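Notes to accompany the following structure.
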Amino acid sequence: MYRKIKQRIFEIIELSKDGDKASKIFDIFIIALIIINSVLVIAYTFDIPLWLRKCFVYIEIFSVIIFTIEYLLRIYTADLLYPELSPVKARFRYIFSFMAIIDLLAILPFYIPLIIPIDLRVLRMIRIIRLLRIFKIHRYTSALSTILQVFKNKKHQLISSIVVVMILMIIASVFMYNIEHEAQPDVFDNVFSALWWAVATFTTVGYGDIYPVTVFGKILGSIIALLGIGLIAVPTGIISAGFMENIDKNKDNDDDEKCYCQYCGKKIK
Amino acid sequence: MYRKIKQRIFEIIELSKDGDKASKIFDIFIIALIIINSVLVIAYTFDIPLWLRKCFVYIEIFSVIIFTIEYLLRIYTADLLYPELSPVKARFRYIFSFMAIIDLLAILPFYIPLIIPIDLRVLRMIRIIRLLRIFKIHRYTSALSTILQVFKNKKHQLISSIVVVMILMIIASVFMYNIEHEAQPDVFDNVFSALWWAVATFTTVGYGDIYPVTVFGKILGSIIALLGIGLIAVPTGIISAGFMENIDKNKDNDDDEKCYCQYCGKKIK
Amino acid sequence: MYRKIKQRIFEIIELSKDGDKASKIFDIFIIALIIINSVLVIAYTFDIPLWLRKCFVYIEIFSVIIFTIEYLLRIYTADLLYPELSPVKARFRYIFSFMAIIDLLAILPFYIPLIIPIDLRVLRMIRIIRLLRIFKIHRYTSALSTILQVFKNKKHQLISSIVVVMILMIIASVFMYNIEHEAQPDVFDNVFSALWWAVATFTTVGYGDIYPVTVFGKILGSIIALLGIGLIAVPTGIISAGFMENIDKNKDNDDDEKCYCQYCGKKIK
Amino acid sequence: MYRKIKQRIFEIIELSKDGDKASKIFDIFIIALIIINSVLVIAYTFDIPLWLRKCFVYIEIFSVIIFTIEYLLRIYTADLLYPELSPVKARFRYIFSFMAIIDLLAILPFYIPLIIPIDLRVLRMIRIIRLLRIFKIHRYTSALSTILQVFKNKKHQLISSIVVVMILMIIASVFMYNIEHEAQPDVFDNVFSALWWAVATFTTVGYGDIYPVTVFGKILGSIIALLGIGLIAVPTGIISAGFMENIDKNKDNDDDEKCYCQYCGKKIK
């Protein structure tokens, strides 16, 4: 009986089978609360009248209580999530998982000031990360997992291209600093500023707060800007190839089932 | 006889078979009027002499009369467009279709001030949306429908990537607001401003009206700018794969002739 | 004898067979002159001492004489270029071809001031277009023609996407003008300014000379900026698919020749 | 015995077999030193206290000694790197290889001021180029070499597209200079400035330090900005196709097992 209730709680908060209405309602309720809380985090940054601000506090208290209960229930049922581990290990593993740490950080800011004074703003910021939970909604999960799959398959190539870009940016910014420092000592005051320029140029953002003014600086800047096109082209090429590969795989699987000769009836491969 | 005329009107305004000259002339006439009206909407924003402005009004009155007649004829023949519905339902369905609402909004601004005073500018703006009608021109329709087909096939993946980007932008802007608010209280005055920054950075537009100045802000900004490359790479990859898939499908149809069974050697399919 | 000389002149200036040294030398000589002239056009915009400027004039006179001779020889041998036309028609056809008009415009500025006074600057500008002749150099012609082939194959889709973008930009700029005109009457002074903003945003250039400041303007701007990603993604997707198709075709051709069964020796398709 | 030691030194500094621990430790040690030196180069541009600056000098001396020893050992073992050449030729060849020149330039700034006074800053800048050595780390080498392979395969097409872009940029900047020079004589002061504008626009960086203000300038600017999309689309398309081709090749190797003759039914290849 006791195990059944635990099993049911686990099903509701963690799994979400297709026909399970309670689980679906729970999911929607939690996500609604997360969205409302995110709206509050954003709303706090505007000038809002005092009575509304008070109203917000009540919603926040209510949310934190719900999130705390949810967090405790998740720890409680963690041994069902990792059945291969011992109950204690399972709980520890859950507590130190990425989403659990975010969940904890989302409720902590509420309890901490009761104990020690801390900069609330930093902790409130963390609550917005809970928005990542939205990705658990069903409908587009399949499309999303395709995208993630492509990134996973091409992980090594993408990381390689990022490392290349990083090193090129560091080299470019050291050169740019040395070229531009004399002409613009306030703008290119150290390599960090030059690196900020390199990022803005490589990614073609180009805010316009920092740019070369000397002839050599402009020549180097032009080379970097043109290489920036490469920065866009390489990951795009890798990811395009990844999506194509993905399609090919699906097609190959589809083809396997249909590959029979209609004359002799043998399977063709 | 009466039905024949109605059928003919319907053919002229709605369908456009290849050999139907009257329908083609009607199409070109309406599109020419739309383009002229769009030019007028644009021209009104310039300083134009009074006599030209008067001239414009006559063109506008003429256009609105034509568009009104066209609109009424379309409602009149709506039962031929949806033959499976009852005449009344067909007309209601047509009236509430997207293009019909645009068509109505394009002529309404002319009749409304006769009844109630309203901000004409807002309503005139709507007239420009009629430009979308141009897509009905024949010649490039096939190429356009290929592009639309690709978007349709990849709808789920594209929406997923947009949702991911939206959530990342919200999280990034809340962080950026908290990091930069103290250093630039006027620029990063609320999360909405930070969101505007996030859009400009993610899309690599970078107007330069808002950008981080603190060290942490620049680090976060750099990460967001580099992720922005991903924002470009993912939809590009998805769409590239979509176009490739499209080509493959056409090729598969061609390939059918070349498929042989490896056991009996007969042609398959 | 006379015909042979004409044939030889034609071979030298027009065709360039692999082993034909005279033709190659002529090509390099003309391209070198074009590059030198382009450098002169650029150099004129700098402050250069008078003696150098005089030197430039001599080079220019020499170049124009060579270009004039080349132009006349090309007209003279035009009947060999279009052997299917009558000599007179062939010459007219050549004279009105794109490159011949550019060639004429490149030498005209020299002769015109002898007859009528004209703004030399505009005509000198045209000389730089002759740089396009460089594309006739051999080595990378094959790669270049592959790129052109892809553009040709995908012409309809690319034009369609450009038309869609144009119309979206016009609609966006009319809306943006109406939204922002009141807040920034000097910046968004007419739809043309708004169109300039739309181009800068759609292409993600974002100079920062014009951008929305109102809330609605920023919302519309964000939508346009995100659609701008699509503007990049669609042609990239189309062109990627084009290059892939190109590779597939080459592979298919290669495969055809190699497709024999090594056991029975029959050709496989 | 002597040869064995030389062989062992060569293995440690040059080759890095999977099981060779000494070689691995040497690699990590050198790369760590390179990273530390790069950090120093960057740190020198900040205001650092004198005691730390002194500390830096000791690290630098130590690094230069190690790099010098490494450089000399590499020259010493160069005959094992190019076994087909005579020992003297092999050493010369090594000394004039790209990485060896960088290595020499990285240690030279230390010895030169002892002989002749020189601008140290320029030479210190060069030390940062040694960061390129990081690419020798094992783990992602395979992914990196795939990327390089794609660039190599598509070399001709990429160079062609760069040449086209260069020429278009030169033509665009000469036109833009002539259009804008009168309106903004200080900003568009010569074609070089206009070229800087063309690079910023073609690559969609758009710093905002230079942009057209006249009507014709904006029209030309719009065309260039839209062509800039092409600048991104073409290399992206080429590289995407390159990555796809790469995947196809790997797949073709896999497919070999599935190839059958349609006449005799035997497996081919």
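Which chain is which? They are A, B, C and D, in the order written, and residues in each are numbered from 1.
Please note the rule applied: a contact is a pair of C-beta atoms (placed from the backbone, for glycine too) under 8 Å apart; a residue touches a chain by one contact, two chains touch by 3 or more.
No experiment lies behind these values; they were computed from the predicted model shown.
The most distant chain from subunit A, with centres taken as the mean of CA atoms, is C.
Two copies of one chain, subunit C and subunit D, touch each other, and the residues they use overlap weakly: the shared fraction of interface numbers falls below half.
By number of C-beta pairs in contact, A-D leads over the other of B-D and A-D.
Note that among the pairs B-D, A-B or A-C, A-B reproduces the B-C interface, with over half of its contact pairs the same by residue number. To overlay subunit A on subunit B by their CA atoms, one rotates by 90 degrees, a value rounded to a multiple of 5. A separation of 30 Å divides the Cα centre of subunit A from that of subunit D. Centre-to-centre separation of subunit B and subunit D, using mean CA positions: 43 Å.
Residue positions of subunit D touching 2 or more other chains: 192, 200, 204-208, 232, 236-238, 240, 244, 261-264. On subunit D, the positions that touch subunit C within their shared complex are 156-157, 159-161, 163-164, 167, 170-171, 174-175, 177-178, 181, 190-192, 200-201, 204-208, 211, 215, 218, 221-222, 225-226, 228-230, 232-234, 236-238, 240-241, 244-245, 248, 261-264, 266, 268-269. Across the interface of their complex, subunit A is touched by residues 38, 41-42, 45-46, 121-122, 125, 128-129, 131-132, 134-135, 140, 142-144, 146-147, 150, 162, 192, 195-196, 199-200, 203-209, 231-232, 235-236, 238-240, 242-244, 246-247, 251, 258 of subunit D.
On subunit D, the positions that touch subunit B within their shared complex are 204, 206-208, 236-237, 240, 244, 260-265.
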